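Labels run A, B and C following the written order; every chain starts at residue 1.
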Amino acid sequence: MKHFAGIDVGSLTAKAVVIDENNRILGSHIMPVGQDSLAAGMNAYAQALVKAGLKKEDVAAVVSTGYSRKRFTEATMQKTEISCHARGVSVVFPKVATLIDVGGQDSKAMKIGKDGKVLDFAMNDKCAAGTGRFVDVMAHALNLTLGGLSDAALSFKEELTLSSTCTVFGESEVISLLSQGQSVPDISWAIIKSIADRLVSLVKRVGIEQDIAMSGGMAKNRALVSRLEDRIGFDIHVPGEPQIMGAFGAAVIAKGE
Amino acid sequence: MFEKFIEVNRDSANRARQWKQKTGKKVIGVMPEYFPSEVITALGAYPVHFKGTQIPISRADTYLQSFSCTTTRTILEQAMQGDMDYVDGFVFTTMCDNQQNLAEVFKKLFPEKPVVTFMIPFANDASVRQPHLKEQLDKAIAGISRITGTGFTQDAFQTARALYERRAALINRLYDVRRRNPKAVSAYGFYSILKADAVVPAEEFTALLEPVVSALENKDVLPVEHRIIISGITPEPLELAKVFDEIDLSIVDDDLTSGMRQFSRGVLSGIDGAGIDRFVFGGSPCSTLFNPAQDRRAYLADKAARDKAAVVLWQIKFCEPEAFDRPDLIAFLKQRGIPVTSFEVELQMNSFEGIKTRLQAFKEIL
Amino acid sequence: MTKFRVSETMKEMMASYYLEAKNAAYNHVPVAWITSGGPVEFLHAMGVIPVYPENYAPMCSITRVSKDLIEVSEAAGYSSDLCSYARTDIGADMTQGGPILGLPKPDMLIVGTNICHTVVKWFEVHARKYNVPLFIIDMPYLHDGMTKEAINYVVGQFEAFKTFLATTLKRPFEEEKFREALFLAAQVSELWEKVLAMGKKRPSPLNSFDTFIHLAPIVTLRGTQRAVDYYTQFYNELEELTAQGFGSVPDEKIRLLWDNLPIWYKIKYLSEFFAQHKAAFVVSTYTNSWAAIQGNIDTDHALEELARAYLSPYINRDFKYRIDYLVRLIEEFSLDGIVFHSDRSCKPYSLGQYMIKEEVTKRTGKPGLIIEADMNDPRVFSDAQFETRAEAFLEGLEK
């Protein structure tokens, strides 16, 4: 049996996945990128191999993806995370037609055709609004983890709005809401609504078609998924491990080569 | 005293819907300035002006990049949220690139609602621009007539004119009261009235305003510490006016497109070239108009000197005409010894701490 | 970018043009600053040297000084949200900076509004500084298509422009020379159209990064014999190249359209990036706009024809026209997709692109890519963000 690997090094985390010919995940690993994206990617790959009980030589092809994809000169091929997420998610949910992926620097909405081919996509504009980075900064301003932000948001009582979509202004707005005595859950919900609204605009740009799925670390944020479902009007499928979908898709693409 | 106006602003869409049901008349949305309401009224419709509002943007981003101004974006947001369902057609006055393209977005997005465009001319020479303006007006009248099913008659126009003359006279009295006794009316109250003017039928508006102005005229004159003139397009987000009240900066006059500029030019005298030319260009200088006969810097400096006031430029982020004028305007005012400061806002803002700090610091140096 | 034989000719021609302009005051020749869509034929008739801040700003960008100049104007209070051509130009004017150390002082300022309303505000800044006359030729946006009213309005202003020139220069307007300039300008525009039509060849002997550069003479010297000679030479060279089967992008696989202004400070990088992916921009709405400025002097209505021509550029047209036009270009140039540069600095070009892209894709099945950047402000461009988007788009186009 042949084995394939995908390495996805984004702006915040490095992910690696090793699969077999049947797309079964044999090992995977996630770690923070830190200072050296190449080292982080290689490290994640080594760990995934250990978990899979394999050696580098056992792997027939490797595809690298993510912001640092080009640093992996050893990889068989480099593909953008857009193609990789689409491919990965379409293996898990074969009927997926629309995919939302929220990364650290970029958020994407994709329209997906047969075999996970990307037909059209829209991405956030220059500012960080609607990206993982934005939520990170806001959670930090509230002294919460990402999970904590989601939990807090789900217990909101009052509808507040966060008007600034700019990270810097947004942060000062959060601080000023706090100083006005607004509750952490209400502010958290306002943050979630703000990013969800930006994502819905992106999705509308490619057109909303069922089935809809979401990948990337932010897909684990239940408050965000629930707000998106409300605004879009359909259920959103979230894979078991949304964060490794890019690396998984990369491995699937490696198999095809 | 201003409660009624604040209430109107809070609920303007519903009031318009009710008005429409009651009268069976059509509603024309005006985007946003420099089209004569008296013409729309004469054609049997009710003009509602859209100047952007403090609404969170959640839908408009699908069609407009975030580098368009929030006036443009919040107007589209209102439309996409269904807040303009009662509008039967639109008049777009294109005086900037944002408005120009927004008209096209509306045409594609709401094909069932006719869009009439009224191009503001930029030609140097009044003799060249007048025939063009006249053609623009005729075209607009024909377009609105098709929506309302009512043709233009001199009688109806003269009746509408008289109505708008009354309205303008009242608003000019309101401005006079404030100049004489700035403490009589809060900034928030004053601009709530003007905001209501944009959405309430003129007849109803004059009826609401008449007793308010009379009451204000009878108030005792109180001493004023810091006299301010605000200059810009439109005082939005309106909530920000409260900051001026809170820190005791008294606005004694303004040079706003949706404020004094439209009342300083008078009512449309007739639908001839000279009449519409005077209507568009006869007011105080505006950053969105090209009028070589005027100098906004000198105008504002003279006004500030006369009123012994400092100037605050209330600017909306991404408004190019205003941002281009700003450096020279500030330099000119400073050279004439007039204290001046500026800030930029986005309409959907709801936290004004930063601007408040800035205005407080400005007050301290006055 | 492709090295053509005429590239050298162009460099020399542009150098001598700027030299003449710089020496204008010494030679007692009047100088006008004019916008890219301004009716320059009138100036040639009167022997006024036209100078283009919209040509100088990209020159500053390509020579990598636009960022510094932009920062100068921002420090003087011009908002970073304003048009980056204006910010570059104002900065260059304040410091007498850029590759030719500032533009020669203007005797008059001429603005055409067929590209935007921004130019009015921008040139007002110069008018205040230099205290010289500012003449606007308002060429209104065609919300309702080409109308008789719009044409008449522009003709009226052309007449007023003649009077303005005669009054300002204190000599009568030279009708004969004007007709000559019109004749030459029409020829140049026709030649330019023929040059651009070479993009229909497969492989294409030139691409948009080439035409962005070779646009300079038609912008600055339209209405002169030099420009006619230049584009005749260029066209002949392209014919030769095509006969040899030459493609400006080796092994051309993907054919694209570029919408909006170039990203000047990244032009070399972008040219190499797309060439590596075997993608050629064979047509652009931007360069096509100067082919639209084609008057016809063989009628009794030369001014009307000229007005029609100046009202025609893509950026002055309504969305329905833009969509139909893009659909037509996809067909005529056998395109695989469109790259829309969403240009932070250019609202009239950019606002509406999302909607235009959506409808063009719906009608043709050809995908579009939005790249958010800015024509002259390098601080807005991120290589990594661009590459992710562009590569994903090209991955989708691979057959």
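Basically, contacts are C-beta pairs under 8 Å (C-beta built on N, C-alpha and C of every residue); 3 or more make two chains touch, one makes a residue touch a chain.
Here the structure is a predicted model, which is why all the values come from computation and not from measurement.
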{"item": "Among all chain pairs, the one with the most C-beta contacts", "value": "B-C"}
{"item": "Chain whose mean Cα position lies farthest from chain C", "value": "A"}
{"item": "Computed distance of Cα centres, chain C from chain B, in Å", "value": "35"}
{"item": "Rounded Å distance, chain A centre to chain B centre (Cα mean)", "value": "44"}
{"item": "CA centroid of chain A to CA centroid of chain C, Å", "value": "40"}
{"item": "For chain B, residues contacting two or more additional chains", "value": "62, 65"}
{"item": "Junction residues of chain A - those touching two or more other chains", "value": "125, 205"}
{"item": "Sites on chain C at which at least two other chains make contact", "value": "342, 344, 354, 372"}
{"item": "Residue ranges of chain C touching chain A (in the complex, touch as defined)", "value": "342, 344, 354, 358, 361, 367-368, 370, 372, 380, 382, 384-385, 388-389, 391-393, 395-396"}
{"item": "In the complex with chain C, residue positions of chain A that touch it", "value": "67, 79-83, 105-106, 117-123, 125-126, 205, 207"}
{"item": "Chain C-touching residues of chain B, taken from the complex the two chains share", "value": "62-65, 67-68, 72, 94-98, 100-105, 107-109, 115, 117, 119, 121-125, 127-129, 131-132, 135-136, 139, 287, 290, 292, 317-318, 320-321, 323-328, 330-331, 344"}
{"item": "Parts of chain C lying in touch with chain B, wherever the complex brings them together", "value": "76-79, 81-83, 86, 113, 116-118, 120-122, 124-125, 128, 134-138, 140-141, 143-144, 149, 152-153, 156-157, 160, 164, 318-320, 342, 344, 347-348, 350-355, 359, 372"}
{"item": "Residue ranges of chain A in contact with chain B within the complex", "value": "125, 127, 129, 161, 163-165, 172-173, 176-177, 194, 197-198, 200-201, 204-205, 231"}
